[in-house]
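The same chain A turns up in both complexes below, where it pairs with chain B and then with chain C.
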Partner chain A sequence: MTAFLTRTRGRGRLDWTDWFTYLYLALGLFLMFGPVAWLVLSSFKTESAIAEFPPRLLPMGQKQVVVPGEDKPKPVFRVKLPDGSVKELAELRRIGLTSTMVDPAKPDDLVRVPIDARTPVREFKLATENYTDLAAKFDFGQYLWNSVFITIVATIITLLFNSMAAFALSKYRFGGRKVVFLLILSTLMVPPTIVLVPNFLVVSELGLLNSLWGVIWPAVATPTGVFLLRQYMLTLPDELLEAARLDHASEWRIYWRIVLPLTAPALAVLAIFSVMWRWNDFLWPLVVLTKSEKFTLQLALNAFQGDLVTQWNYLLAMTVITLLPVTVVFAFLQKFITQGIASAGVK
Partner chain B sequence: MATLNLRQVTKEFDGTRVIHGVDLAVADGDFVVFVGPSGCGKSTLLRLICGLEGVTTGDVEIDGARVNDVSAADRGLAMVFQSYALYPHMTVYKNMAFGLENIGMPRAEIESKVRNAARLLRLDALLERRPTQLSGGQRQRVAIGRAIVREPRIFLFDEPLSNLDAELRVSMRTEITGLHERLKATMIYVTHDQVEAMTMADKIVVLRSGRIEQVGSPLDLYNRPANRFVAGFIGSPQMNFVPVRVESTSGSSVTVALPGGRGLSLPVGHGAPAAGTPLVLGIRPEHLYPATDGNALLSLNVEQLEQLGGHSLIYGAVEGSDARATMHVAGQTSVRAGSAMGMAMDTAHAHLFAADDAGAAL
Partner chain C sequence: MLRTLAAAPLAAASRVVEAPFRWVQSAFGLSPMPWLFLAPNLLILGVFTFLPLVINFYYAFTGGAELYPSQRPYVGAENLATLFDCGNYFDPSSCRKDLFWRAMWNTAKFSVLQVTLMVGFSVVTALVLNRKMAGRGFWRGVFFYPVLLSPVVVALIWKWILQREGVLNAVMIASGGAPAEWLTSGGWAFWWVIFVSIWAHMGFYTLILLAGLQAIPRDLYEAAQMDHASPWRTFSRITLPLLLPNLLVVGVLALIRAVQIFDEVFVLTGGGPGSATTFVVQFIYQTGFMEQIRLYGMAAAGSLVLAVALILLTLIQLRVANTEKAEAETR
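== the complex of A and B ==
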């Protein structure tokens, strides 16, 4: 790994191309990874730390100590005392422009200082309550369940429907199969926003508004999936199907026992795509789901941005949680994804 | 165990006729080999018999019953494909059991049938492996095993040995003929390799461009080829063809002028051609031998030699024509490339063919 990362073109020393390459890579890393890192770090900041100016990268909180005789931990300040010395003291209370401070080591010795003589002492501190509060403050579990339900069910149906269509288009010879295939492919060229209104009308007529199924059904037939699976199934030898036919296998059985298992690599790719599409989907759920108990995580995120107040700390924490599944899927299955992109030429 | 009859079977693909009215009768227990150059329609004919393709016109009959409209599965045939077509995601056992599961056979019965077939083919130890973990010969045996467990009326083999190396091909050849003897089943075997055809068949069907050129036992075809195509296709090295001209005819024999001027009198079966008709003389390499004391009929300009120890092959051009000839000589030879030599022939094995494209034997 280290050898790979520190590989150079010049032997033993850095060629100018090395400088250029590493600079370029570093810039790319910063541009792509910077916002994500900022998001994750900020999601651990308290509300006040987020609003702080100038902004800091790391989540810092004010240091707090337990003062004997007090119930709650008290914030620590660095105080410039009248005699010119600087000390770290805990603030007991503040009245007007005067603050009452105490040295935690000597709790009986109270010091009164003007507030402009003290500066807060900061330390690295993760505001994990951003995450733990989420479940309690919002109907987070419900949103998560809605998202998971839509993603899993839509993916299963997508795989089933698309593979059946792909099987017919790749393995049966019938009049007009090229036309059908081209029709399916041509829908790739229609932007989703164009069919948004017709789709909405259909879903509305079917009484599927504010139903998770209203999000699932319009999304399951994907031209990309049909195309990807068809291309893969074309590589399966026809002799296999003929052998199965001679083996008294019905067409359904050929599909289920022979074609589907052998298409597993392409199905895996489509499953990954489908999970990412459905999980990240925003526009369509936004149109179909209007009741907050039906919201997916993406919609909930959006609803978090109030007209007057936005609780950025919670919003950021929720964004991180929303990103996690897709990131995990991508990290573990990236081999299949690249393979799928290479084999089908789709994104 | 079954008989098969093809009656005036034709097949067209998109209006192109690839099988032209084939008639064929296969008796119960026969081992029939379809042989011919690639593209001659032999595999198509097999698929028509099997039911994977429908005939355009004509009838396919199995055991006397017309099966044109019977599906491939219900014809009671089993096919061994060129690529074996094993299900890659199933174990050897599953591969063989799949067809039996599909007809709802009880589990115990399937198990005993598969085990029996596996024993017959020495696959017992491999039942839990997947096809990718097997060698070519083992895969071949699994494919045959899958056919055996179904106890078909007729076995169909579509160039089953073409993916194996030469050595394995020889041993699989004897294995398949051994299987035929044990099962006594009707088998139809497609190959482009005339050696396989000669060694395995009870009956060879030579096909060219969708037509049957000749049907007969291997030695029948070898000794009495019906036309120049069959004569050239059966036998290795190929039969030599030398252009000749009829000099005179007398009843059932004809005297032809050989290149180089010598005359040769040969019997003809029917209708001796008129004097002056061009013909083609066919003579196999092993029926030519170096001339001694003036019995030379042809002169050969030797171009190349192949000394194989046990026998030698001499290649060259026939003096006085543009024909080339091969001579098979027993043992080793002292002939040199570049020299000329006289050739005598065993005239009892000489054939005369018409010089036209059909090249029918006279």
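== the complex of A and C ==
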């Protein structure tokens, strides 16, 4: 073990900094992943298991068995019989304080016991109905669609508009180039929170209130994207463009056929960022989208958690679905994301 | 596969957009082309950023609850005067808009505490992650992962843990402690808001500091090892001074974000209990969009105050970045 832990350090002894490192990492793993793991575990608990306090670690549900002659599976209880023996029996029905139990192996042998003589038998069980019920119980499909639509469409437009601007700023020499670049960069200093009220006016004047486009349009001209793509395009040799111009390629063709494909790595980074930004957006959609059929997943989550009686089992399942895409993207593209952030300093 | 699937619609789209570009080029030559390429981006920025900036001023100096500027009476500096109408700025209950000043002080307190603690933890985490060890990429991912989660998801994860019948209280009882109302008692809620926001954002700053650490020349540490310098001495004499410029940048960046805290707190506590976790952005949102009578002018005036704070912080940031650059050049 010691050899494994120190194998890249080249000395055979653990000093206090090593102990601290591994202690810190273990604590970090627990603190950073623990809450998410707890969320996922809890999202598979039945409604009654969710309400249990203190909670159990694993999702447990009441064991059910099929009793011959009954069409639905019946719940299993551990029953203390009058003769003092304890047996696992299935409950057929319950009337008042007495319930009728039966041994599934001997379905003709009915036993009547007072309800306080039985305790439910639990087993590990994933309450997948928390997920499968979402579509039927809520307008879940609509929220999901709204989120996906905004994310994909806004990302495509962002890539197009930002790369066009970056192309102009990196491949042409024209009066005002510097001013325009600084103007675009200066909008980094104008966080959406500052222009919340007037933007609401602009969007409502354009008739985009309660429209997904009201979320998309204000978000697509990201200064970060222009900056990222321009820096990358500056590294492409201008000779390529000159050669194409000699061949009478139009400027649009040069942009579309030559520059854009060569910018693919930077476009990929921006696409990842844009997907995460739009998927996670909250304050602006909260202002623009007030009708529940226009809600994104984030807004729906916020609305449900504010309900008087929070249905945690569904809320947690919906939360898991909301964090799933980002998690999958991260799992596969972690290197891309962390390098992009470290180099551009943007989030 | 994706490439071939997307090829046909992409080519079609390109052909549609190409037409106006080609026409302009053949009619006016090369000189308007960069502006044509810039047009969509600039149009969006103009309509949704620069125009609103101007309108915001207009709103801040008009009153009433009408949204359309033409229907709003000019009131001069009345909105700002109301916001700043205070017996004693240190005592919000002596102010006419007491919620605004509570939000201001909460934001100030939050920003200082959150940024200090977060930068501290980020440094330690970056130092730990910078060591040579097995599975470095994995560990980096562990600390970075929460950064990607949406504020709503972050808030719900912790609300589920911190609610009265949540797992934290279960642990408290099991370990012999007393359960508490973590989110509905003022003292605790404020600290949990700080904790949760650190949890959610720390990875981002850790990553930037990690890049700074990796830029420190290795031979300095080798020399220190030759001299049998203790880990603490190596840290305080080599790492810390060379990391200082990054630390300043990270600090100011974190401060700019902290001042704008809203999303996760709004979902986690709703600003409560009372106004214990109400911050400036929430004041703007409430005043402009949640009340029965929407006081857009008051909200816009609040935005102006926030904007001034942000401009000051940004100027400091530019200053810090410039000195850092100058130092790097003289080094």
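Basically, the second predicted complex is superposed on the first by the 265 of 347 C-alpha atoms of A that agree within 3 Å, B and C clash if a C-alpha of one lies under 4 Å from a C-alpha of the other, contacts with A are read in each partner's own complex, and residues count from 1 in each chain.
Just so we're on the same page, a contact is a pair of C-beta atoms (placed from the backbone, for glycine too) under 8 Å apart; a residue touches a chain by one contact, two chains touch by 3 or more.
The model shown is predicted, which means the values in this text are computed figures rather than measured ones.
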Original post:
Does the chain A-based superposition show chain B and chain C clashing or fitting?
Top reply: fit
**OP:** Return first, second, both or neither, reflecting whether A:Leu240 touches chain B, chain C, both chains, or no partner chain.
**Re:** first
**OP:** Have a look at where A:Arg253 lands relative to chain B and chain C in the superposition and call it first, second, both or neither.
**Re:** both
Original post:
Is A:Phe174 contacted by the first partner chain B, the second partner chain C, both or neither?
Top reply: second
Original post:
When the two structures are overlaid on chain A, which partner does A:Leu262 contact: first (chain B), second (chain C), both, or neither?
Top reply: first
Original post:
So, does A:Phe332 touch the first partner chain B, the second partner chain C, both, or neither?
Top reply: neither
Original post:
In the overlay of the two complexes, what angle sits at the CA centre of chain A between those of chain B and chain C, given in steps of 10 degrees?
Top reply: 70
**OP:** For A:Phe124, decide between first (touching chain B), second (touching chain C), both and neither.
**Re:** neither
**OP:** Report the partner of chain A that touches more of its residues: chain B or chain C.
**Re:** C
Original post:
Which holds for A:Asn199: it touches chain B only (first), chain C only (second), both, or neither?
Top reply: second
Subject >> Distance of closest approach, chain C and chain B, by C-alpha atoms in Å >> reply: 9
Original post:
chain A residues touched by both chain B and chain C?
Top reply: 250, 253
Subject >> Contacting residues of chain A [partner chain C, same complex] >> reply: 4-5, 7-9, 15-17, 20-21, 24-25, 28-29, 31-33, 35-36, 38-39, 42, 51, 53-55, 160-162, 164-165, 167-169, 172, 174, 177, 180, 183-184, 187, 189-191, 193-202, 204, 217-218, 220-221, 226, 250-253, 255-256, 276, 279-280, 282-283, 286-287, 298, 301-302, 305-306, 312, 315-316, 319, 322-323, 326-327, 329-330, 334-335, 337-338, 341-343, 345, 347
**OP:** Give every residue of chain B touching chain A within the complex, in rising order.
**Re:** 50, 52, 71-73, 77-79, 81-83, 85-89, 98-99, 102-103, 146, 150
**OP:** Over in the complex, which chain C residues touch chain A? Could you list them?
**Re:** 14, 17-18, 21-22, 25, 30-31, 33-38, 40-42, 44-45, 47-56, 58-59, 67-69, 124-125, 128, 131-134, 137, 139-153, 155-161, 165-167, 169-170, 173-174, 199, 204, 207-208, 210-211, 231, 253, 260, 262-263, 266-267, 270, 281, 284-285, 288-289, 296, 299-300, 303, 306-307, 310-311, 314
Original post:
Once bound in the complex, which stretches of chain A touch chain B?
Top reply: 237, 239-240, 242-250, 253, 257-258, 261-262
